[in-house]
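This is the structure I want to talk about, given as C-alpha cells.
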C-alpha cells in the first residue's frame, strides 16, 4: 500500500491552472523525486499535501485512506511534513523554538516554557543531521545554510508527532546549500528512507537522480511520466520535462566571447568592509568573472559593496577609468551597474506589484516619454521581454508574487536589461531555484550580454556553474582573495583545484 | 461664477417673530464628562422644560474644529427660530460662530471666550456675551491664600490651558495679588491644563523641588486644586499647605467647607446653562427686543462670589431658581460691563 | 468600497433626520470636510511610502498662527509663503527620518511636540486674530452657487496628487517603497528622495489646510488643528489605504475624510446623545474599515 | 545632566517622586509592549482607562452609591479592561481591521461607556484601601509603585516563559511562518490585546487611586506616552524586538525627562518641545550603532 497517493488533483489560480489533474504515488520507504520546469506546479502540489492549498478537485489518500487536509496540523497528524521552498523560520526566535514551533511537546507545559527541555529536544533534532549550531542562538544570527539546516531539523520533528511512518517533503532544499551540506542532507535522506518516505524536489537533475529511487516528472500541472533513478540520465528527465530535446551545450561555451585586453571596465583597488579586506578586482568588458568561496568568505558582501548596498571602509572603484562614489545604490545604477540579489523574496522583487512594474522599476526611462509614463510603450516593452525570456505569467499585470520562483527570477533579471544601458552586472546566485531550461536561458543571456560588452561578476550557485560560465575565477577565503584561476573555454580547471583553495 | 454664499440661504428672520413652540434650543459645551459642564447642560435642560421645550445638547470634546463643524451643520438646517447658548472652545472660535449665526439669523449667546475687539453690539442676533471676571477671581483667591499663610511665604501656581483667556486673566489676577502682598513670593508656575491628573503630577514634582518653602498652591481651576490636594495628601502634607481654586464645583465647595481648601470662586454652571437659552428665547419670542437691551448687558461680567469656609455652606446647593430665567430678570446677575 | 460606506452613511443619517439630505446640509458638510480632506490627502502619501506623519495637525496649527501673523504684512503673499514654510518643515522631518534612520512615527511624534511648542511661543500662547481676512476670503466663496470653494480646492488637490502619481514613475516608486523598501532600494529606486518628497507634500497640505482653517475661523491659534490628527489618520484608513504602506490612493482618503466628517458632525446633529455618539462612532468607524479594506492586497493585518 | 543642573533633582525625595510618577505609565507601557511586540499598535488605553476608572470608582466605597466591593471591584475593573482588549483583538482578527483603527474605535467606545457611567456627577472614592495605595509607603515607595514593579516582573515572566509571550514575539517576527508551522495565531492575538487591556484596566484603577476620583479623562495622553516610552526603551514599532524590561527603562527615561524639565525650570511653553526633541535625539542615538546600509526604517 503506498504511503501517499494523489489522484486527479486540480487547482486553479486566477489565469492559471497550476494543477491539471496530477497523479502521484509515494511508496513506503522510498525517496521520490519530483522534477519539472519552473511553474510546472511542484510547489502547489506539495502544498496541497500539507493542507496549505485546498485543491479544487481530486483526492489524496494517506496509506490507502482518503483524507481531506485542511491545515498543516492535520497533515502533521497524518505524518506529512514539509520544508518550504522559501525559507520559513521566525527570525527573532531561537533555533530551538523554531524547531519545535507548533509541536512543542514536553517543552511547554500548560503554556509555560521549560527552556532546558526545549534545548534538549531541539538538540536531539539537530544531532540527527549533525548540525553544530547552538539551539538557543537567535535564528537571524545564523547563516543562510544554517537556517536551512534548522528547517530540516524542524521537519524531522514529524517523527515524534505521528505514530505512522512519516512522509517528509523537501521543496528545493539544496538550492542554498554547499556541497558538503548537501552530502549531509543526502545522508540524512537515506537514513530517513529506513522508516519514512521522502519527496524531494530539485532543479539539479543529477542530484535528483543521485538521491532518489524514482522520479516523477510534472509538466504544466500534469504528471507526464515516471523514471526509475537507477541508470537514468539527466537528459532523459529533461526531455520529459520540456517535451522535446534540450541543447547539449548547457553553458553555451561556444558562444563565449573573446575578451580583449583593453582597459578594464570595472577596476577595484583595496576595497575593504566589515567582512572583507583589500579586494583587488578587474573585470573587462565582455568578461565573466566568478567569485567562489565557502560560507562567510565574504564574497556576497563584496558584491553588495560594489553596488553601494553595503558600506565599504576603504578602497576605490572605477568604472571605465572613472572613479565612482558608491554610497548609494542610485549612484551604482547611474553608473550602469546592475545587481541581482540572492534573497529574491525580500530584496529582489516587490511582491504585490505587477510583473510589468517590477520589470520597469529601475529603468524608468525605458517606459517613459519625457517625464510621463507611456502605457503603450511599457506594454510593448514588457511583453517583448516576457517573450524573450519566456516568462510564464498570465498577464503582465499579474502580481509578481503569484509567479513561480523561477519566473520571478527572470523578471528580476529582466529589470536590468530593459534599459539596454547596462555595463556591469553583479549576479548573486542568479540561477537559484531555476529549472534547467531557465538556467540554460539565463546562461545564454549572460553570454549574449557579455558579447555585447557587459562585464559580469557572478556568484555562482555551484562550482560547476562557476567553472562553466566564468572566464576567470577568483577564490575568496575569510574576506580575502586567495587566488585567481584563469578559466578559458577549453582550459577549464577542475572543481577539485578550486576546493583546495577555498578551505 | 462664484458667489458669497450657498444657494438657498435665507435672510435673517425678523427679530421676535417666533411662536414659543417653534423655538429650537441648542446648548453646546465641550463635553459631558466633567461636573461643571454637566451642570451647565442640566441647567439648560431645566430651562427648556420650564418653557415646554427640549434642549438639543451638543458636545465637541474640546475640539475646536468639531465645534465649528457642528455649528455650521446646525445652522445649515435652516431653522427659523434657533437659539444657541454656546461655550466657544477658545477665543479664536467665537468669531466664526458669531458670523455664522449672524448670517443664518440664529439667536446666539456666547460665554467665557471672546476676543476683546469682537463685540455683540455690532451684530443683530448675537444677543449677549457672558463671562466672569478672571482677573478679579484670580486676585481674590490669591488674596485669600495670602491671608491664609499670614501674608508671607512661597506659593506655586498651576496654570490652565495656556491658550485661553480664562487662564491668562486668572494668572494676571494672581500677579496683581502678588503685587499687593509683597511678602508672598511666586516660587514656580507650571501649566497643568485645567486637568486634575496633570495637576497631581506637576504638584508632586514642584513639592520635591521646593520642599518646605511651599506654603500655598494657587490653581486656575478647582479640578487642578483637587489634584493638588491629592498630591499634598500623598506627600503627607495634608492641611499644611493652603490651596485655592476657581469654579466652585461641588467637591471643591465641600473641601472648602471641610477646611482642606482655602477658597474657591463661584461660577454657576447651572445658571450659565439656563441663562443663555433664556435670553435667546426671550428675544426670539419677542418678549425682549435686542434694540432695547442696554449696551452694558450685551457683554457683561456675571456676579461671582468668593467661597470661603465662612459661606461655603450657602453654596453647597445650587442657587439657581426658575425666576432667574424670567425675561425681566435675565440681566439680574450683571456685575458690570466687559472691560 | 469606501464610496459604498459613504453612501450608506448619508442614507442612514438622512433616515435619522430628514433635514440632512438638503443641499444646504450637504454643502455645509462638504465645506466642513475640506481641511480634513487636504490633511488626509497629504498624509496618505507618507502612509503609502510605509511611514506615518503624526505631525500634520500640529504643523497645521503652527501654520494658522504664522498665517495670521504674516497676513497684515504680506497680504495675499502670506498664503504661498506659509505653504512653503510648511513644506520646508515637512522636508526637515523627512530628512531627519531618512538620514538619522529614525522611524517616521517617532520623528513626527517628536515633531508634533516641537511644532506645538513653537506655535505656543510664536503666538504668545493665544489666538492671533485676523482683522482683515480679504486675502483668504476667496476660500469662503461658492463655485456655481453650490460647491464651497474650499471643498473645490481640496478636491483639486486630491486630483492633482492622484494624476501626478499616475502619469509619472512616482506611483511605482511610492508603491515599491511602501511594499518593500529594501527591494526598492536595491532596484535603484530613489527611496530617500521619494520619502522626503512625501513628507514635503504632507507638509504643504498641512499648510493649505491651515489656510482653509484661518479663512473659516478668522484667526490662527496654536492648538487650532490639533484635534484633526486622529480624524485624518482615520480618514486614510477608512478609505482603505493600508497603514503598512504600498496599497491605497488619495481618492480613497477623500471618501474616508467625508465618512469621518459625517460621523463627527452627523451623529450629534441627528440627536445622538454624547456618550452614545462616541460609542457609535467607535463601532461605525471599525465597521467601515472592515468594509473598505481590500484584503486581497494586504496579506497580513497588523 | 539634570542632576548637574538642579540640586533638587538629585535628592532622594525626587527619586521617589519619579518612581511614583512613573507607576501608572509603567503599567500601561507594560501592556502596550506586548501589542507592539506583535507589530500591532494600541491606542485604546485612553478609553479603556477611563471606563475602568469609572467602574472601579463606582464599585468601591464612593460618594455616588452604596457599593463597597473593595478588591472585587478592582478585579471587575481590570476584567473590564481585559474585555475591551478582547474587543480590539476580535475586531482585528475577525473583521480584519488594522489595530490602529480597531483600537481607536475601542477607545471611543470606552470613553462613551465611561461618560455614561459618569452621568454628570463626579464619583469620589472613599475606599480606604484604594486611596491608601497612593499614600501609604513601603520602603519609601508608594504601594502603586510596588504594583508597577510587580506588573513589570509579571510582564517579563509572561514574555520570557509563556507561550503567549513568546508567540507574541514570534508574530512580530514572522507571522506567516507561524501559520506554516500550524500555529493558529488568531487566539494569541486576541489574548495579547486582552492582556494589554487588563494592564490598562489596572492603570485606570491606579489613576483613580491617585486622584481619589473616577475621571472619564483618567487615561488622557497615556496612549501616546506609553508608545513613546516603549519606543525610547528600544521596542520597535515593526514588532519582534524589545520587551517589557526595555519598556521599563524607557518609562524611567521619559519620566526623568519630564521631571527634570520642571526641576530645571524650563518654561512650560517650551517643555513639550524640548521633550520631543530629546525623544528624537534619544532614538537617533540608539539607532546609530545598529545602522546598516540597507536596513528598512518605516
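Think of it as A, B, C and D in the order they're written, each chain with its own count starting at 1.
Everything that follows uses one rule, which is that a residue touches a chain if its C-beta (ideal position, glycine included) is under 8 Å from a C-beta of that chain, and two chains touch if they have at least 3 such contacts.
Labels paired with UniProt names: A = ABC transporter ATP-binding protein; C = ABC transporter permease; D = Sugar ABC transporter permease.
Every value quoted in this text rests on a predicted model; they were computed, and no experiment measured them.
Asks: Which chains does chain B share as contact partners with chain D?
Replies: C
Asks: More C-beta pairs touching across which pair, A-C or B-C?
Replies: If we tally the C-beta pairs in contact for A-C and B-C, the bigger total goes to B-C.
Asks: Report back the single chain whose CA centre is most distant from the CA centre of chain D.
Replies: A
Asks: Where the centres are mean C-alpha positions, what is the separation of chain A from chain C, in Å?
Replies: Comparing mean C-alpha positions, chain C is 44 Å from chain A.
Asks: Mind checking the centre-to-centre distance between chain A and chain B? Centres are C-alpha means, answer in whole Å.
Replies: 72
Asks: Rounded to the nearest whole Å, what is the centre-to-centre distance of chain B and chain C, using the mean of the C-alpha atoms as each centre?
Replies: Their C-alpha centroids are separated by 32 Å.
Asks: Counting only Cα atoms for the centres, state how far chain C is from chain D in Å.
Replies: Computed from C-alpha means, the inter-chain centre distance equals 28 Å.
Asks: Any chance you could list the residues of chain B touching two or more other chains?
Replies: 31-32, 162
Asks: Note the residues in chain A that touch 2 or more other chains, in rising order.
Replies: Chain A, residues with two or more chain partners: 309, 347.
Asks: Residues of chain C touching 2+ other chains?
Replies: Expected reply: 120, 125, 182, 185-186, 274-275, 277.
Asks: For each chain, which other chains does it touch, given as pairs?
Replies: A-C, A-D, B-C, B-D, C-D
Asks: Please output the residues of chain C touching chain D within their complex, sorted ascending.
Replies: 50-51, 96-97, 100-107, 109-114, 116-118, 120-121, 125, 181-182, 185-186, 230, 233-234, 237-238, 242-245, 274-283, 285-287, 289-290, 293, 295, 299-302
Asks: Touching chain A in the complex: which residues of chain C?
Replies: Chain C reaches chain A through residues 166-169, 171-173, 175-176, 179-180, 182-190, 192, 246-247, 297.
Asks: Please give the residue numbers of chain C that touch chain B in the complex, ascending.
Replies: Spelled out, the residues of chain C in touch with chain B are 19, 22-25, 27-29, 31-32, 35-36, 120, 123, 125-129, 131, 138, 140-146, 148-149, 213, 216-225, 227-228, 261, 264-266, 268-269, 271, 273-275, 277.
Asks: Within the complex, which stretch of chain D touches chain C?
Replies: 38-41, 47, 91-92, 95-102, 104-109, 111-113, 115-116, 175-176, 224, 227-228, 231, 236-239, 269-277, 279-280, 283-284, 287, 291, 294-298
Asks: Which residues of chain B touch chain C in their complex?
Replies: Contact set of chain B toward chain C: 1-9, 31-32, 56-59, 61-66, 68-70, 72-78, 90-93, 95-96, 99, 115, 117, 161-163, 165, 168.
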